[in-house]
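In the two complexes below, chain A is the common chain; its partner is chain B in one and chain C in the other.
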Partner chain A sequence: MKEKFIVEEFSDNLNTRNRRGAVWHVVFQASTIVGILALITLILNVVNSTFGYIAYEARVDPDTLAADGMPLEAQSKDQLVSLLQTELSSGAFNKLENEKPFAERTREEVFQLVVERIVRPDIVEVWDLWISLTQEDEIRATVARDFPNAELDFVSWLTTDFVTRPQTSEPLSTGVRTAILGSLWTIFFTILLAFPIGVGAAIYLEEYASDNWLNRIIQTNINNLAGVPSIVYGILGLAIFVRALEPLTSGKLFGIENLTSENGRTVLSAGLTLGLLVLPIIIINAQEAIRAVPRSLRNASYGVGATKWQTVWSHVLPNALPGILTGTILAVSRAIGESAPLIVVGASTAISFDPESPFSKFTTLPIQIYQWTSRPQEEFKSLAAASILVLLILLLSLNASAVLLRNRFSRRF
Partner chain B sequence: MAEITVNSAEKKSPAFNLRRKPRLGETIIQGLLFFSGFFSIFTTLGIVYELGKESLLFFQMPEVDILSTITTTEWKPHIGKFGIWPLLNATLMTTTIAMAIAIPLGMSVAVFLSEYASPRVRSTLKPILEVLAGIPTIVYGYFALTFMTPILREIFGKDVVQIYNTGSAGLVMGILILPLISSMTEDALSAVPRSLREAAYGMGATKLEVALQIVVPAALSGIAAAIIVGISRAIGETMIVAVAAGAGPNFTFSPFVGAETITGHIVRISGGDLSYDSIDYNSIFALGLFLFFITLVLNIISQAIVRRFREVYE
Partner chain C sequence: MTSNDTSQNGQYVLETRNLDIYYGSFKAVTDVNMKVERNKITAIIGPSGCGKSTLLRAFNRMNELFAGTSIRGQIMFDGEDIYAKEVDPVEVRYRIGMVFQKPNPFPKSIYENIAWTARIHGYKGNMDELVENSLRQAALWDEVKDKLQQSGLSLSGGQQQRLCIARAISIKPEVILMDEPASALDPIATLKIEELMQELKKNYTITIVTHNMQQAARASDYTAMMMLSGEGERSGTVIEFDDTKMIFTNPKDKRTEDYVTGRFG
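Moving on, here comes the complex of A and B:
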């Protein structure tokens, strides 16, 4: 009788519980979709600003520059050079000649100069891709009404010219070559510092270090350094590389007198700072790769009489290498996207010449994006969007190569 | 360990022994490897020494005293007022907003991926979230300024929401930290053994009950660690706030007006021409040291939680 009583009282509430389960399932699913939507929105937002209509007014009408009945576009290089000579002040012309003699410039470059210095197109209005596609008629009406002299053009801000041109102050003729080269120079020194020391530290910790207090401190310290905000590394770089090691990082020690970069705010300082930043990441990734090499391989090597270093060099490292490289590539892509420490170290705001030595002043792609984003005018937002696409494509190909490397060479034991 | 080919002379010799010979090359290599391992200690010492030295100079300046730094609410270097609260308050606001987004979303994503999603769905969604984590923070800054801020201004009115505001910076920072929290939480959830789930199913629990009442409590230490790491990341995050949160210290509790965080202030001050041994120069070291210690303490707490409270299953 007692048992029956319990069965009557017991209610499993199954319907309510299942309903609650279904509701939460939707909540969990929705959160995941929100995360993915955020990624899609972010990319669409960048693409949206990269293309679209612009309205621009030429400060000098190109038709008035026709020579011998030929429009500007059809003129030869010599005609264009003489045009520059007549239109520009002799000082400005000589300055151009000094930067690069006209004899060495191609017709395209000279034409670009004429557009930049004489015609001087001035952007009056910018529309993003969405509005350009959906409200084309309204845009045309607005331009016809408000800017009767303006030309309307559908442009892609991201072009091959944009990637290969140096930085200038004119939005229509600027480019990111200076910034890309700056990024590459910086990353070169980052790898030079962080890769050998990072892999060495990982080998030490995994293969040599015994479990004593010193090695535990080293390991804990590395884990903690990985969590230090990047801007703190920037401040450290400012104190050590820019200030304390100024003779080294400015090149004075090597007898290089470069007036533009005598203060140590150079590619070298930037690269070394980022090297310190990614060092803990490289160590942790390399440690994981080394740990994945099975014990039996080492024992077999010791069994035929190899020394510790012979074992590490000929057996552990070759097998861990794909993992180490993958981890390094991921760390390097982190360094390429980093901008806060470089601002503190002293990235230059506007430089139009390519970095040529470790002791050059520098700007990098993320710094360029930061500067253009900070400008209030719409056209600079579009330039920022185009350079974001360049940066993302660069990072994506790096990450893809890391994944390929992992899939191609990783061995399962 | 001698050479593999043992010649007859050695065989006969009674002096031949198998004790390890000192090898100069091996010792040098081991020394180099130890130096590499020890190198990161120099980084930490460098941070503590350099930042500590300049911070000391900062607090020795006549305009500065520690008491008013931690009690007053005005940071105006040009008139000698150095109250940390406007900067700290803005940092705490962006961090709070970011965590309000990242914790619920990140944990939901983690529960979905670990408990609900089929292996195929998981293997497609995880890389996508990893891409989100790999995007440079300056891109998020651009996103905050050109997408989130206009939306906030559309919703709450242009006269309420300023162009630069901590709200949009915080929201976007939440999106940035979401994948960090979700992937760490998911690792913790996946580490809970199957047998626990199956025992609960055997008792008649629904999927939700298994997830929230069995798996999540079992993984709580890992989840707590994920949240603390997320907070530490949010406090140190720089480019989003530098672009979108506004320039100029401002002691306010409104998320719709501009205010400068600690990191944002460091970036703005060092963006200009910074002369050595000026009060601005020294102040960024003091702020940097402060950031370093906050994040260090948070990271140590998170590691301690994992070590102390981790449930070990065989």
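Moving on, here comes the complex of A and C:
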């Protein structure tokens, strides 16, 4: 191109300007890459602990359990049941019978019980996925040298059994069903409390409240509440739901007498506490969404003589709904990953029965993960990693269904 | 209903009496006295920022939707003060409809744009008939009769604006206020709107704000010329109100003459 005539006092700085732009381009790209790397590291770390070799020794040698010259693996269901009857105390056997009569259990289930209750494999060493893949020979040598009686197995800690079994104290037979159900029950009450109240408050603040000092103070406080540490909400929940509203949250008010939950440390208390925690987030997001509805649409509605409520209900809300749902998804994602407030409210750490009502004791996935990571043994770290994967999958599927729901609403026109 | 020269079937539908309009403490419009005649088109013209739209929105109390607006003086509608305490602004907007500068159909189907409007006012008649009649009156029926279930937003700008007019007349208001209804449209669509206005004035009274002086000259019967004046030239007022012909051919005020002949400033 022909050289541009440069007017006095102006300089030809196009190259400098372009170079400066290119530098920022690289900086922004680098920030994105750092973020993605952090995410990948996180996932790899979790996956690394979820799979790998384990070495375990049986506390009772299966060979000694052979009956009629048949090894344990080949025995029939009846033989296995009678084995349980002789080896276990009658109390323990009756408890199993009460949970599910042996007549209804398959041979596979009974065999599993024998392994869990009599053979009781005991983990002596755990290796993570990377070492398992790269140093297999060394692992075999170590096991042969240090634990001659141990068996070596490549396991995935995340199995369907892990997801469907209740929590036990044995790492090889424990599961997270209790925690998953606890999380789902809790989140149900969280949404039940926070969504209607949050959206209602947002509608009031955006559409009805006049701009005076009182409403400005309320608005400022809601903004600040969104930043209050979650443990503070835990203490609030403890004071209000567990202590003050104990008759309600323990179910006594409804005539439910349950000794295990009579102190109010129930699913209901937890859900309501998390509901309070995410309420400001939902209010703020819903307000943003309502504010984003164009003025021209409101004008159109008022201009044909619609009342405020008709305008809000027929035009503002339907158009703000996708945004409101996005905010709710974010809030619920936060609630489902919270552990601190639930510890304060009193989630149980060791619990093996499913929550069955709002007034049940409970544990949740983050609590379960926290509990397992605080154990010194390696195998519990792997269990925690597997639970983290379960939590992530649960979170992603909840979010995916919410996004589908949102897209259905926003495809109207 | 008080009965005087602006009663139900009188000559004038709207009449302002010493009307001042305030945004907070700022007086945007000062001392307007004008009458809007029944079944005529009254245009409000003037330079940007002189308060034309503010005045127009005062006629159906749309200004109140913005915080901090207030009026002094009176606006009489069929002899009744629409700013009286016992008057519900929703009722005012029902009887004095409005068409906005930017076409703003509801993000609903063409049919539902009109049906929703009728339904909120408790319409119990034949909805299909009402939709068809409204669209016919707005000269839109032939273009959309095969796609009534499509979104109102799928139409072109000019069609959208006619849909907004159809929506406004579906509830049979007495007055239709139009706030620069053609300023976002091309000349052909503009012409259609102007032709439509001539049709509509048989049944309705129309007040229109426009920037386009040819439009005012072509389409209106009366013209109000607004300009900033008084109080340090910061507040708008009607400096001349007359037959459109008079305003454009024989204005009394020097400023009007300068403005309509393009010699302003």
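Heads up, the rule we're going with is that the second predicted complex is superposed on the first by the 337 of 413 C-alpha atoms of A that agree within 3 Å, B and C clash if a C-alpha of one lies under 4 Å from a C-alpha of the other, contacts with A are read in each partner's own complex, and residues count from 1 in each chain.
Everything that follows uses one rule, which is that a contact is a pair of C-beta atoms (placed from the backbone, for glycine too) under 8 Å apart; a residue touches a chain by one contact, two chains touch by 3 or more.
Being a predicted model, the structure only gives us computed values, none of them experimental.
Of the two partner chains placed by superposition, only chain B is touched by A:Arg243; chain C is not.
Touch criterion met: A:Pro229 reaches chain B, while chain C stays clear of it. In the superposition on chain A, contact of A:His315 is made with chain C only, not with chain B. In the superposition on chain A, contact of A:Leu133 is made with neither chain B nor chain C.
In the superposition on chain A, A:Ser301 makes contact with chain C only, while chain B stays out of contact range.
Contact with chain C, but none with chain B, is seen for A:Ser210 once the two complexes are overlaid on the shared chain. In the superposed three-chain model, the partner touching more residues of chain A is B, compared with the other of chain B and chain C. Residue contacts after overlaying the shared chain place A:Leu192 against neither chain B nor chain C.
Judged by the document's definition of touching, chain A residues 302, 304-307 lie at the interface with chain B and also at the interface with chain C.
Interface residues of chain A facing chain B in the complex, by the touch rule stated above, are 12, 17-18, 20-21, 24-25, 27-32, 34-36, 38-39, 41-42, 45-46, 49, 196-201, 203-205, 208-209, 215, 217-218, 220-225, 227-232, 234-236, 238-240, 243, 276, 279-280, 283, 302, 304-309, 330, 333-334, 336-340, 343-344, 346, 349, 366, 369-370, 373-374, 381, 384-385, 388, 391-392, 395, 399.
On the chain C side of its complex with chain A, the touching residues are 60, 62, 65, 67, 90-91, 93-95, 97-100, 102, 104-109, 116-117, 120-121, 151-153, 164, 167-168, 171. Considering their complex, residues 1-4, 23, 25-26, 29-30, 32-41, 43-44, 46-47, 50-51, 54, 104-105, 108-109, 111-113, 116-117, 125, 128-129, 131-132, 134-143, 145-147, 175, 178-179, 182, 204, 206-209, 212, 229, 232-233, 235-239, 242-243, 263, 266-267, 270-271, 274, 276, 284-285, 288, 291-292, 295-296, 298-300, 303 of chain B touch chain A.
Of all residues in chain A, those touching chain C in their complex are 210-211, 296-307, 310, 314-315, 319, 412-413.
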